[in-house]
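Next come two complexes, and both contain chain A; in the first it sits with chain B, in the second with chain C.
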Partner chain A sequence: MLSRHADSLYWLARYVERAENTARLIEAATRLSATPIAAEGGRNEWEMAVDGTGTLDLFNQQYTQATQRTVVDYLAFSTANPSSIRCCLDIARANARSVRTALTMDMWETINSGWMETRGVNIPNLTRQELSDFLSRVKELSLRFDGSAYRTMLRNDAYYFLRLGTFIERADFTARMLALKADVLDPSRPSLGGSADYFQWSWILRSVSALTSYHWVYRDNLKPNLVAEFLILKPEMPRSLVSCYEKVTLNLDSLSRDYGRQGASQRKARMLLSQLQDTSLPGLFAIGLKEFLESFIVDNANLGDTIAEQYLG
Partner chain B sequence: MNGFGQGVRPAYRTIQAWLDNSDPENLKRLQKEAEFLFRRIGITFAVYGDAEAEERIIPFDIVPRVLTGSEWATLSKGLTQRVTALNRFLADIYGAGEIIRAGIVPADLVYQNSAFRPEMVGLKLPHDVYVQIAGIDVIRTDDKDFYVLEDNARTPSGVSYMLENRDVQMRLFPDLFASRRIQPVENYPDELLTSLRSLAPVSAPAEPTVVLMTPGPLNSAYYEHSFLADKLGVELVEGRDLYVLDEVVYMRTTRGPKRVDVIYRRIDDEFLDPMVFRPDSMLGIPGLISAYRAGNVTLANAVGTGVADDKAIYTYMPDIVRFYLGEEPILKNVPTWRCREPDCLRYVLDHLPELVVKEVQGSGGYGMLVGPKSTKEQIETFRARLVADPDGFIAQPTLALSTSPTFVGEGVAPRHIDLRPFVLTGADKVRIVPGGLTRVALKDGSLVVNSSQGGGTKDTWIIDDPVDDASPPASVSQSQSQSQGG
Partner chain C sequence: MRLRIRHDIVARYDEPVMLASRSLHLCPRTFDGQYVRGWHLDITGDCRQARTSDAFGNIVHDFAVEGPLDEVAIAAEGEVEVDDTTGVLQGAPLDRIPPAVFLRETRATSRTSTVMSFADKAKTLSDGEPLDLCHTLMHLIYEEVEALTADPTELCGVREVAADTVLAEARGTPADLAHLFIAAARGLSLPARFVSGYVWQEDATATGALASWAEALIPGLGWVGFDAGNDTCPTDAYVRVASALDQSGAAWIRMADRGGVSASVTVTVAADRL
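Up next is the complex of A and B:
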């Protein structure tokens, strides 16, 4: 396929995934802000949410204070934030338009109608309910997009590039959410006591929609080391780093099989996957959770660059 | 008013019966549903200079336009004849120039035409086909004759609407289709691909690679470009996806370079190759024309076909048909005054309020004067333009355009229509799918059907010739009593 089309598919999937993740992040912050024990160390949950997207500096240039109003505006609607939900959907649709021929009708209709629906939301006087509806629609768009890709696309390079975008973006987001709270996940850190800890840990799980699945897997209370293990090392958790990298490797291998040629991105992805698979929980905390996650975020971004060099140039 | 005027043409009886049979509220609902479908599928077009409505849908009218099989037979014969002559004309003016030496078409109209491309002189194209895809706009004024309004020989658009209109019409009115055998149009992409492949360069492999080239998503016809590429199963490329090496065109793919043999380009001549045409164009491919001249790639349509859809050349089309084919033209030209000729200019200036005056190079319904619909002031402004540049204009009478019943806010009413069939020329023959794009002027009394000027479109049906039966079908009278009861 055309390199430019592969590039558009890859970014289309990344932006759809990013929009969904941001919607979940806003929902989690909204929930946390409604709990009695919200703030910790002077940072409120709204500022934390922005930090989770890695764009706190940009936010601070535009707003004086992190409140629900400013953060929702910034994360959901601002055109000055290239990763806001609105911008993500605009870019996703522009990419979709430029690769119409590589998308199935179901996928295009999902993107196009979802984009039209969410575009009409009137921002300044948004009620809580309207915000919640908006976020639901964004999640729905992403789910339908994913589902229609899964159910209607030919399993060829177009599909593989699309999936690569999804899983690289997803791994990035999960790692960022964990890094944000790496300190409260460290088991050696003195407990804040009772419900304060619970809200911090559950916040992480909620932001990646994993609270219920955690209970299914561990049948236990929230424990910080288990939260880390769940989101990094558990292959059955679809948003865990190891699960994302299984999929990344799979799709890259499918590409190399179809094209009859291996390259740097296949080697790099396999190396990252085996590193994750070889890691144990005590090992993770010995390296330092924050350090581990920060270096993962960099490696993941590098893999994206390598894919671009190999195929999208 | 039933929207059918005085005498309902036999071909329309089914439609009339259907409309009489339908609850107006239900029709309104279906009309809305059609619009919703078009918007959701994303069948939009962009209007340049209209930032507010960046993407609009062209209104779709749920009442189809109907032609009988025998009407179509005449029309398609005429179209084939006309396009064959057009191709002969282009091969001649970029070759020996016999028609000019014979004194039939003035040399300056050809060689000084801004669409004339000296780069094409002496070039031999595969099978001498210049216009692989033509969109010929025709109108009727009565039951008998078709008149050609315009020969679109550059990059005619609208064929996606022909196909989507049929699709939406079938989705909304499955019963209507069951009652009539309507000739299919959905094989158009197959016919197009066959035509294009038949015209690949001699040096191309047995399975030539065809691509469709678009200026990009900001182009007003981008939807159509992506739609067609999809239906053809070919890559939709932009200039930046292609490059030329040793006079061969390649595209950049995820598997490395791939040779391209045929480019169905939906981009104007002057943007094709910055090394030959506009140096500031970012849309084209440097070196494309060198590959073209070397015979390593086919462009559809060929470069320089704009001469043939010039409105000044149009006036000579009947002579062009006679000259090359030795036949009488089957399709008529609308009587036209060439303002460059002093007698004609005098007549036109004296009769401005009755005439339609068009720019020779204009398109899309822009820059024209519709005399009967214009104010004194508009007429005077146009008169000044005409006097300043008589060569730039032609004038035509306002014909009594035929109308078709059309669903408007208040119900069904007659509206003016035209028809653009798409004529494909391949190495072996000319192909035309039975139908075309019917455009309709939605404003009452308006003659302008262009989408940029508020026109809409309809599905176009070619049906078997009706058996002329004086008594109306039983279902009609029955339905009328039903609707009165309800």
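Up next is the complex of A and C:
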């Protein structure tokens, strides 16, 4: 396979995943802004949502204030933000077009029709309902794309590159959401009291659609240390860091098996996977959750670069 | 090196067994330098496999099957990709307990005067640095102690022959050789531990793929493997499964039965290069 094609597939999957994640982030922020703790503290939930995508500086250059209107505009529609949902879908579709022959009919249809649908949104006069519909459509696009890849694609290098993109992006997002709230997840920190903590913890889980599954696994109230454990160390949680890395390593291994040679990215992924598998919850808090997550985000980005160097260059 | 491994342990009974319980160290872990792509255990009879990990970070499977059964068969099978790290365990992922614990004496690794004088001999032959010391010790064991094939006791249970007996007889199974290495290294204040695993060889016998070696903690490097039976540090042909103070802690299988007259236990292992 041409490295150019591998590159397009990898980034296609990353951008579709990123669009979905951003949609979930906006939904979670909308919900948090309607809760009683919204007014407390110096930092509002909208600014936090932008910070979660790691582009706060870019946002501040373009807007003076973080409100629902400006943040939704920035995260969902802005053409000046390369990670806005609109830009993500534009890039995803452009990538999909360039590897049209490597995709199945269903995948192409999903991307193309989803892209056309979301283009039709009339931004300035968006009602709350219309915004919610828009976000649902984005999530649906991603789910259909994922599902049609799973169901219809041949299991060869094209599939592996696509999956790699999905899981690297997913791990990045989960880690960012946790890092954003690392301070409220530290069990030794004094409680804010009342329902404030609950809203913070449920916000994290909602932003990665994990609130219900949390209750399935723990059958307990939200506890900060369990939230951290759930999203970092639980292999049965498909968005947890360890689960993402199991898939990243597996797909990289499939590539090395089919190509008959392995390299730096396989070694790096295995090392990160074994570190995650060997980490325990007390160990996590001993290192410091924020430090752990920040170094994970850097390691994950490094792995992305290594994959690019090895296969996509 | 990519290896497919299949390890069978079949116990047959003349009179049916009513309850057979087993504790297994048959599952390798992923770490830097070793990737377990797929691994599964097949067990005859319906039972619940409890998967836990022990204090050393090894994966342990426990189960009990109710009889009457004429046969209890266990098969561990999987695919592992190994990198050559010249024996150095990179990243030291499995360290949950302080290294000083690995200076402890156990029955199989007792430090008698003969073991100590053997260790001192290695020390005088080497340049005194821990890494060279361990290599010298490995060579010395390889030269002075004849390596036998694995004994049934260590294939399906515990082998506890003291290190000085091994020295006195000048021959030993792979586990014996590892115990001697460990006893001597600990005598020289180097933390050392026992490791069980698989090794790929061109012309292996039915159980030739089962391997036992020792690891010593070298300052600045971390844990480094030494296979005295083959006079080599583990290469990419070695799959690391479990580690402990000695073979009794990392035994492939520990069994206890209620009822039943045991006829035989057959062990076969195949390691194929993919």
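To be clear about the criterion, the second predicted complex is superposed on the first by the 311 of 313 C-alpha atoms of A that agree within 3 Å, B and C clash if a C-alpha of one lies under 4 Å from a C-alpha of the other, contacts with A are read in each partner's own complex, and residues count from 1 in each chain.
Heads up, the rule we're going with is that a contact is a pair of C-beta atoms (placed from the backbone, for glycine too) under 8 Å apart; a residue touches a chain by one contact, two chains touch by 3 or more.
Note that the structure is predicted; figures quoted are calculated from it, not measured.
Participant: With chain A superposed, do chain B and chain C clash or fit?
Facilitator: Fit.
Participant: Of the partners chain B and chain C, which touch A:100 in the superposed model: first, second, both, neither?
Facilitator: first
Participant: Have a look at where A:113 lands relative to chain B and chain C in the superposition and call it first, second, both or neither.
Facilitator: first
Participant: May I ask for the angle at the C-alpha centre of chain A between those of chain B and chain C, rounded to a multiple of 10 degrees?
Facilitator: Taking the centre of chain A as apex, the angle works out to 110 degrees.
Participant: Quick check on the superposed pair: does A:271 touch chain B, chain C, both, or neither? Answer first, second, both or neither.
Facilitator: Touch partner of A:271: chain C, not chain B.
Participant: According to the stated criteria, A:6 is in contact with first (chain B), second (chain C), both, or neither; which is it?
Facilitator: So A:6 only meets chain B here.
Participant: Looking at A:312 after the superposition, I want to know if it touches chain B, chain C, both of them or none. Which is it: first, second, both, neither?
Facilitator: The answer is first: A:312 touches chain B but not chain C.
Participant: Just to be sure I read the superposition right, which of the two partners does A:157 touch: chain B = first, chain C = second, or both, or neither?
Facilitator: In the superposed model, A:157 contacts chain B only, not chain C.
Participant: See if chain A has more residues touched by chain B or by chain C, and give me that chain.
Facilitator: Comparing touch counts on chain A for chain B and chain C gives B.
Participant: For A:257, using the defined touch cut-off, is the partner it touches chain B, chain C, both, or neither? Pick first, second, both or neither.
Facilitator: second
Participant: What does the superposition give for the shortest Cα distance from chain B to chain C, in Å?
Facilitator: Superposed model gives a least chain B-chain C C-alpha distance of 19 Å.
Participant: Over in the complex, which chain A residues touch chain C? Could you list them?
Facilitator: Chain A reaches chain C through residues 249-250, 253, 256-257, 262, 266-267, 270-271, 273-275, 277-278.
Participant: State the interface residues of chain A toward chain B in the complex, per the touch definition above.
Facilitator: Residues in contact with chain B: 1-6, 94, 97-98, 100-101, 105, 108-109, 112-113, 116, 157, 161, 255, 259, 311-313.
Participant: Provide the residue numbers of chain C that touch chain A in the complex, in ascending order.
Facilitator: 2, 29-35, 37, 57, 81, 83, 90-91, 93-94
Participant: Can you list the chain B residues touching chain A in their complex?
Facilitator: Residues of chain B touching chain A: 39-42, 216-217, 222, 226-227, 229-230, 235-238, 240-241, 251-255.
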